[in-house]
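For reference, the structure is listed below as structure tokens.
Just so it is clear, A, B, C, D and E label the chains in written order, and each chain counts residues from 1 on its own.
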Amino acid sequence: MSEFLLSVAAALLIASGCLFFLAGTVGLLRLPDFFCRLHATTKCDAVGGVLILLGVALVAGADGQTVRIVALIALIAISSPTAGHALARAGWHAGHRPWTRESGEKEKSHEPE
Amino acid sequence: MRNALALVVVIVLAGLMMAGVSQLPPPGSPDGAVHRHVAAHYIDGGKEAAGAPNLVTAVLLNYRALDTYGEVVVIFAALLAVLAVGLAGHSRGPQRGADELPVSPVVDLVIRLLAPFIALFALFMILEGHVLPGGGFQGGVVLGALMILLGLVLGPRRLRRMLPTPALFWTRSVALLAFALVAVAGLALAGWLFALPEQYWLRELIIVGLELAIGIGAAFALVGFYLSLEADRHR
Amino acid sequence: MRPISLIAGLFVFWLVLTAGLGGWSALLGLFLAGTIGLTSVRVLARHEEPALSAGELVGLTLYGFGLSALILPAAWQVLRAVMQRRIGVDPIVIEHRTALRRRLARVALANSITLTPGTHCVDLDGDLLTIHCLEPRFAEPILEGVLEQRLARLLERQA
Amino acid sequence: MSALLWGALLFLLVNAFACLVRAVVGPTLPDRIVAANVIGTKTVVILVLLGVVRDQVIWLDVALVYGLLSLTISLVVGRLIETGRLRDLEAKS
Amino acid sequence: MSPNDVFDLLILVLLITCALAIARMKDLAAAVILFSVYSFALCLLWVHRGAPDVAMTEAAVGAGITAVLFFYTLARTGRREK
């Protein structure tokens, strides 16, 4: 019984993790500029990755696998926001200015119909 | 026209490759062609001949040790070439000195926190590489990556002070020479290159020593690349 | 981190990596952990700041769990926003001065802001945070300083 | 359980494929790096899933190496761009 | 088709797309990034084929250190293919 509950919990975690990854991908493809895309990817990667790895840790064998997965979870949870911040700062100092609604509409009106 | 031709060639080659892959036996299947002839001999004899539980390491350090040695020499030669070009060349791009944008405190702190663990992981790969996957070269690369990260945090100048050029040079050379020494010792003692002695602990020691030599050689070669690419900016 | 707790942490990490390789390997690990720990404290530690203690590390881990309880429902909102047929984002950039003084606390704040949906830390310079928000309403909890207070309780208790 | 893991694995692979579009299209260099970073994270998760499906503990070490090096790339490239040493061709300023 | 085959097929398509894109790319920095993505995919294929050692080398060298060194080189030369 408890084993059944465990695998249901794992399945839920993995499925929701996949959902977050999907959101990250969609955000990466659809959002208007670099900073907005970073929003989608950093969060969804960190949250989705941690959720999936937690789910996997629940069903993995006990022989060293689970502890290693915990180490990986810690690595993802630390590295994902740091990499996101480093890239955002790089773009900011390289002179990228964030897209805003006004600039987006201005660009649209300049486009030939 | 030439583009179209190239596309056709690529598509044909890709199709051939896919067809080939689809004919491969499922991964890990024991009756695949690769598992029946030479490999069987390696698997039977590898453990005694090389004394390394990880078969890949056994092959790399025994049957193909000369090959591995050649690879290490190639990296070393590449480094010499880069050093030669780097010393003659001059840097383009903006020359900035002390007024350069400081590294982000977030990146700084995270690298400082992670660095000891990365170092331990790299040494784990080097020292236990003959039991688990990994090995000298991979561990050395991770160690090199760690040093590049440290260069980011501490600045290349401080990294260079910690690892002065002569020390780098001598360590790399000694690592290379140690490898050669093991080969020659095998030739002198047992009659063929890279022969390993019978005693278990001595064999283990030599294998670990070899891995360490490869790892440190690779790591310091990478640091050499990095420092020579950074060098001109701070002269 | 203090040398002793760092060495202990490194040794535990080694044991995790070499699970079941036996006594010699553990001895080797102890030696390596000691060497690396002492070296990195000498090379990397900033001596002008108090070190991260083991208790604070546990506290930070718990804070991480608390943060995830905050993140998950809000992440769902962002997910829905992204999936709409027309993406209605209205990004703004705000600046916020934090009252936290410890470098560690500031970095933890920056990373939690990055992880909280709708906000992304762009720059951290001294006590000045530059934050990119997907919509103006996401900026409010930052300016109110909810996370900041939690971190202050955790890491700057003596002050 | 194994079917679910395989499903998640293939799903993530398709996702990585979609992210490749952003890496190819750009338009700016940071965009491409973000895409590469996302693909890197997905690969780490795929590796773990693969290791568990096949019951190979040691494959998780490969995932660790992966996570570390993909972090290294992001940090180093970010640093090169922000100091202006790797100029971004499309930057508007 | 078993999941194994689907996996192989997807990775191969990914590899080919990457390779084509690298060849077409005029911006060298973008080519380096795509090359690291290529290595990511190739490493998955190695692991799937049961060669974790090769995969580890690929991950360490192909995806990691080569890209970093290439970027340092690009910072010292230029980004456009001439």
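Just so we're on the same page, a contact is a pair of C-beta atoms (placed from the backbone, for glycine too) under 8 Å apart; a residue touches a chain by one contact, two chains touch by 3 or more.
Keep in mind it's a predicted model, so treat the numbers as computed, not measured.
Visitor: Using the contact definition stated above, find the chains touching both chain A and chain E.
Guide: B, D
Visitor: Tell me which of B-E and A-B has more C-beta pairs in contact.
Guide: More contacting C-beta pairs are found at B-E.
Visitor: Which one of the chains is closest to the middle, using the mean of its C-alpha atoms?
Guide: Chain nearest the centroid of all protein C-alpha atoms: D.
Visitor: CA centre of chain B versus CA centre of chain D: separation in Å?
Guide: Centre separation, chain B to chain D: 22 Å.
Visitor: Can you work out the whole-Å distance between the CA centroids of chain D and chain E?
Guide: A distance of 11 Å separates the two centres.
Visitor: With centres defined as the mean C-alpha position, give me the chain A-chain C separation in Å.
Guide: Chain centres of chain A and chain C, defined by C-alpha means, are spaced 16 Å apart.
Visitor: Would you give the residues of chain E that are in contact with at least 2 other chains, written as numbers and ranges?
Guide: Where chain E meets two or more other chains at a single residue, that happens at 48, 52, 56, 60, 64-65, 68, 72, 75.
Visitor: Check each residue of chain D and list the ones that touch at least two other chains.
Guide: 33, 35, 51, 58, 61-62, 64-65, 68-70, 72, 75-79, 82-85, 87
Visitor: Could you tell me which residues belong to chain A and also touch two or more other chains?
Guide: Within chain A, the residues that touch at least two other chains are 38, 63-64, 68, 71, 78-79, 82, 85-86, 89, 92-93.
Visitor: Which of the chains are touching one another, listed as pairs?
Guide: Chain pairs that touch: A-B, A-C, A-D, B-C, B-D, B-E, D-E.
Visitor: Chain A touches which residues of chain C in the complex?
Guide: Within the complex, chain C touches chain A at residues 13, 16-17, 19-20, 64, 68, 71-72, 75, 78-79, 82-83, 87, 89-93, 110-111, 114-115, 117-118, 120-124, 130, 132, 134.
Visitor: Which chain E residues qualify as touching chain B in the complex?
Guide: 4-5, 8-9, 12, 16, 20, 48-50, 52-53, 56-57, 60-61, 64-65, 68-69, 72-73, 75-78
Visitor: Given the complex with chain B, which residues does chain C contribute to the contact?
Guide: The touching residues are 1, 6, 9-10, 13-14, 17-18, 21, 25, 28, 32-33, 36-37, 40, 43-46, 103-104, 106-107, 110-111, 121, 123-124.
Visitor: Can you check the complex and tell me which residues of chain D touch chain E?
Guide: It comes out as residues 6, 9-10, 13-14, 16-17, 20, 23-24, 26, 29, 32-33, 35-36, 39-40, 43, 46-47, 50-51, 56, 58-59, 61-62, 65-66, 68-70, 72-73, 76-77, 80, 85-87, 89.
Visitor: Given the complex with chain B, which residues does chain A contribute to the contact?
Guide: The touching residues are 78-79, 82, 85-86, 89, 93.
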